[in-house]
Amino acid sequence: MVIVKGIISMRKRIYEIVDIAKKTDKSSSIYDYTMLLIIVASIVPVCFKTSNVLFIWIDRITVLAFILDYIFRWVTADFKFKDKGAKSFLLYPFTPFAIIDLLSILPSLTALNMGFKLFRLLRLNKVFKVLKILRYSKSFDLILNVIMKEKQALLAVCYLAGGYISLSALIMFSVEPDSFNSFFDAIYWAVVTLTTVGYGDIYPVSNLGRIFGMVSSFMGIAIVALPTGIITAGYMNELNRSDNKSNR
Amino acid sequence: MVIVKGIISMRKRIYEIVDIAKKTDKSSSIYDYTMLLIIVASIVPVCFKTSNVLFIWIDRITVLAFILDYIFRWVTADFKFKDKGAKSFLLYPFTPFAIIDLLSILPSLTALNMGFKLFRLLRLNKVFKVLKILRYSKSFDLILNVIMKEKQALLAVCYLAGGYISLSALIMFSVEPDSFNSFFDAIYWAVVTLTTVGYGDIYPVSNLGRIFGMVSSFMGIAIVALPTGIITAGYMNELNRSDNKSNR
Amino acid sequence: MVIVKGIISMRKRIYEIVDIAKKTDKSSSIYDYTMLLIIVASIVPVCFKTSNVLFIWIDRITVLAFILDYIFRWVTADFKFKDKGAKSFLLYPFTPFAIIDLLSILPSLTALNMGFKLFRLLRLNKVFKVLKILRYSKSFDLILNVIMKEKQALLAVCYLAGGYISLSALIMFSVEPDSFNSFFDAIYWAVVTLTTVGYGDIYPVSNLGRIFGMVSSFMGIAIVALPTGIITAGYMNELNRSDNKSNR
Amino acid sequence: MVIVKGIISMRKRIYEIVDIAKKTDKSSSIYDYTMLLIIVASIVPVCFKTSNVLFIWIDRITVLAFILDYIFRWVTADFKFKDKGAKSFLLYPFTPFAIIDLLSILPSLTALNMGFKLFRLLRLNKVFKVLKILRYSKSFDLILNVIMKEKQALLAVCYLAGGYISLSALIMFSVEPDSFNSFFDAIYWAVVTLTTVGYGDIYPVSNLGRIFGMVSSFMGIAIVALPTGIITAGYMNELNRSDNKSNR
């Protein structure tokens, strides 16, 4: 009985430490900053094309920390989902952050076992490590909040922008098939043009194609800029609201 | 008498099904989604450069569906224009969507008859199929609504942007005729520059041309961005208004 | 005495016709539309690189019309400046539109006399013809109105943008002198980058240059976008105000 | 005693002249405009790649003026920091503008001594001269004011934009390592793309890279545009507030 109570209280303490820190809880703050440091360290090898002994050891150590972190979070899942009880342990591995955590661990595990043979194939998976940082970012919380609030408007506007891009690509592909190897190239052209990035790797060369390209960009830039406008406006509102709150 | 009544009630039912669905009418919803699927299927062959037997059969089947849809809509036109009576059947083929519907059918008809000899020439016409989707798009309705509301402001602003683009092109063409094959090239340069796309396929190389290009873009980007600004602002107003309505 | 009165009333009538039309005055409207047509016709030869007999005759006829228009406006200048009396005839040639009118006539006069020997040199001057259109453009009036109203804010902001561009160019020219033939090239790079046009004809290649280029564009785009923001906001205000007026 | 008083009153007068002018103080205005002229003159040699006798003499004379200006400001520092007393003379050299002033002088001093051997190395330092202009710019004051006011919002948003740029670069570098020589190249690509400059010197070529590039720019432009939006909005607010004040 005492042992069970001890385990529960220990698990509670682990949960408090592992979860995002309150300012007053020093151990929790230290854990968060350590994890941030480990995540950043784990990303360093991804920023280089070659591998060396140091990078291999960084990989081994950071993945161990990630595994411990994953276990800690899993065994305390019932504190996270307060009202789900034992079900929490089943639900936890399917939360977005748990999936990111798992995907951060898996490629390195393979690497440990198979001696970096799959290294090139696994490069992409290694990127999931960086997403672990999002857990600790307040700016990300804020922008996610804005996106959630304006979800319906954003969805409608993204649908519209996507539709306009597809339509432009389709017309351009029909007008000037020689400039594009495939329909995908036309989509790429439309996105690069309508976001006004304009690399200059693909552009219309025939007169008809240029005329359509001009009409398309003149009309379409407004439509493709709508998501940007909505996010900016939503962010400003969020700022003003929190300003008003703090002024009261 | 009974037959006439039967035909009228059948035509009414057809109209209810063919026209945009109310949420409660299941047949109408099914018809709409089926048409959407057929439209999307009919566009697939346009996204590829080569043709094959599958694409030919997709074309044949989808065009049949389009013809039936066209006939259904035409024979129930009097329900659409409630107060025009028999005149509706004369007016209907000249409504924008009826023209799009016809243009979606015609190229495929030729294709059926002439064995795809005119295939390349007709590529562009095939694009009209995609415009049929607009009938089912609420986002398009909303943006069309915004454009209609701000029509006068947008017209004035597009006139201004068009004028500025022409003026810039004319001056640039006079300042640096060697960089442009024709006046059309200068117009193309002005649009690509003032929308800030900037592919980099045409740009001024002489000092005088560069100076004018800098002045022109510094002053002109604001003017060419006005339509974007008006559409964004109009869209935001529309959103806020519908938010206020639903909140009351 | 009667002759003097006749001349005055005739000059008054000429002024009414030549000046921008009220809707009720048909002769004046006709004069305006004829002048617009002549201006557009006079620009057509500028849009082509080669000259031919037709273009020479268009030039001769349109310049005659411009000369008559210039004389009409000059001899009725006292109606324009209502309170200046005889001084008006001295002041008129120095008004902006009178200068544009004169510059539209001069190159063609030389052309008449010297047989197009100076044709290439005079290309640029020919562009002044197109500025004559501004007299008849309401959109131009509106935007000029906005610019005048926000004059102080725009000046401050343009000064800031100009300063930032110069500073960026200076630093870039010092950081990476090999990519730029002269300081003018660096200014050109800064304008093309900070307006986000980005042709790709000049860009930093050294690491230091790229770092500075990134910092400069990340911070500077906001500053260079300020004039665009002010003009858009000013235009919106103007639109809302005139909407409110017409709603009352 | 009289001498001390004389020195104090002389120092006070120097401070009044050297510091930014009130409109009524003519000597101070003259000093400011002379310094502006000297600063501009001192920048001229930086705008050219070659050096000549004239530029050497401009350098010598302007650096003398800068040294005098630096001494004047230092010995009157106690008037600037009104309540710090003698400590002012210790604090002054560490104020931002004093550092800029010193950095404007140092490279030219070396130049005087060493006969331009280090000329190329010192090019960058010479740019600090131009920053001296900021002391006299009211537009810079205004924008600095806006930045200070929105400091917290801007910091959060820049953090977000920086994070998004790093994330994009990391994923792109993993997806398509062949297009980028190093991770720095990927960061450069992300900045050039997400600010929509799009030079076209680095861009994805593989299909996977292009898909990610499209998704990244479609979502990221909004986030990278947030600082621009905040500065524009803050500047507009500042303008409106000062308008309201002057209207009261």
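Labels A, B, C and D are assigned to the chains in the order they are written; within every chain, residues are numbered from 1.
Basically, contacts are C-beta pairs under 8 Å (C-beta built on N, C-alpha and C of every residue); 3 or more make two chains touch, one makes a residue touch a chain.
Predicted, not measured: the structure shown is a model, and the values here were computed from it.
Here subunit A and subunit B face each other with different sets of residues for the most part; under half of the interface numbers are shared between them. Overlaying subunit A on subunit D by C-alpha atoms takes a rotation of 90 degrees, rounded in steps of 5. Of all the chains, the one whose CA centre sits at the greatest distance from that of subunit C is A. Centres computed as Cα averages put subunit B at a distance of 34 Å from subunit C. Distance from the subunit B centre to the subunit D centre is 48 Å, each centre being the mean of its Cα atoms.
For subunit A, residues touching at least two other chains, in rising order: 196-200. Arrangement of the chains shown, judged by which pairs touch: all-to-all, with no pair of chains left without contact. Taken in their complex, subunit C has these residues touching subunit A: 196, 198-200. Those residues of subunit B lying in contact with subunit A across their complex are 43, 46-49, 123-124, 126-127, 130-131, 133, 137-140, 142-143, 161, 184, 187-188, 191-192, 195-201, 227-228, 231-232, 235-236, 239. Residues 153, 156-157, 159-160, 163, 166-167, 170-171, 173-175, 177, 182-183, 193, 196-200, 203, 207, 210, 214, 217-218, 221-223, 225-226, 229-230, 233 of subunit A touch subunit B in their complex.
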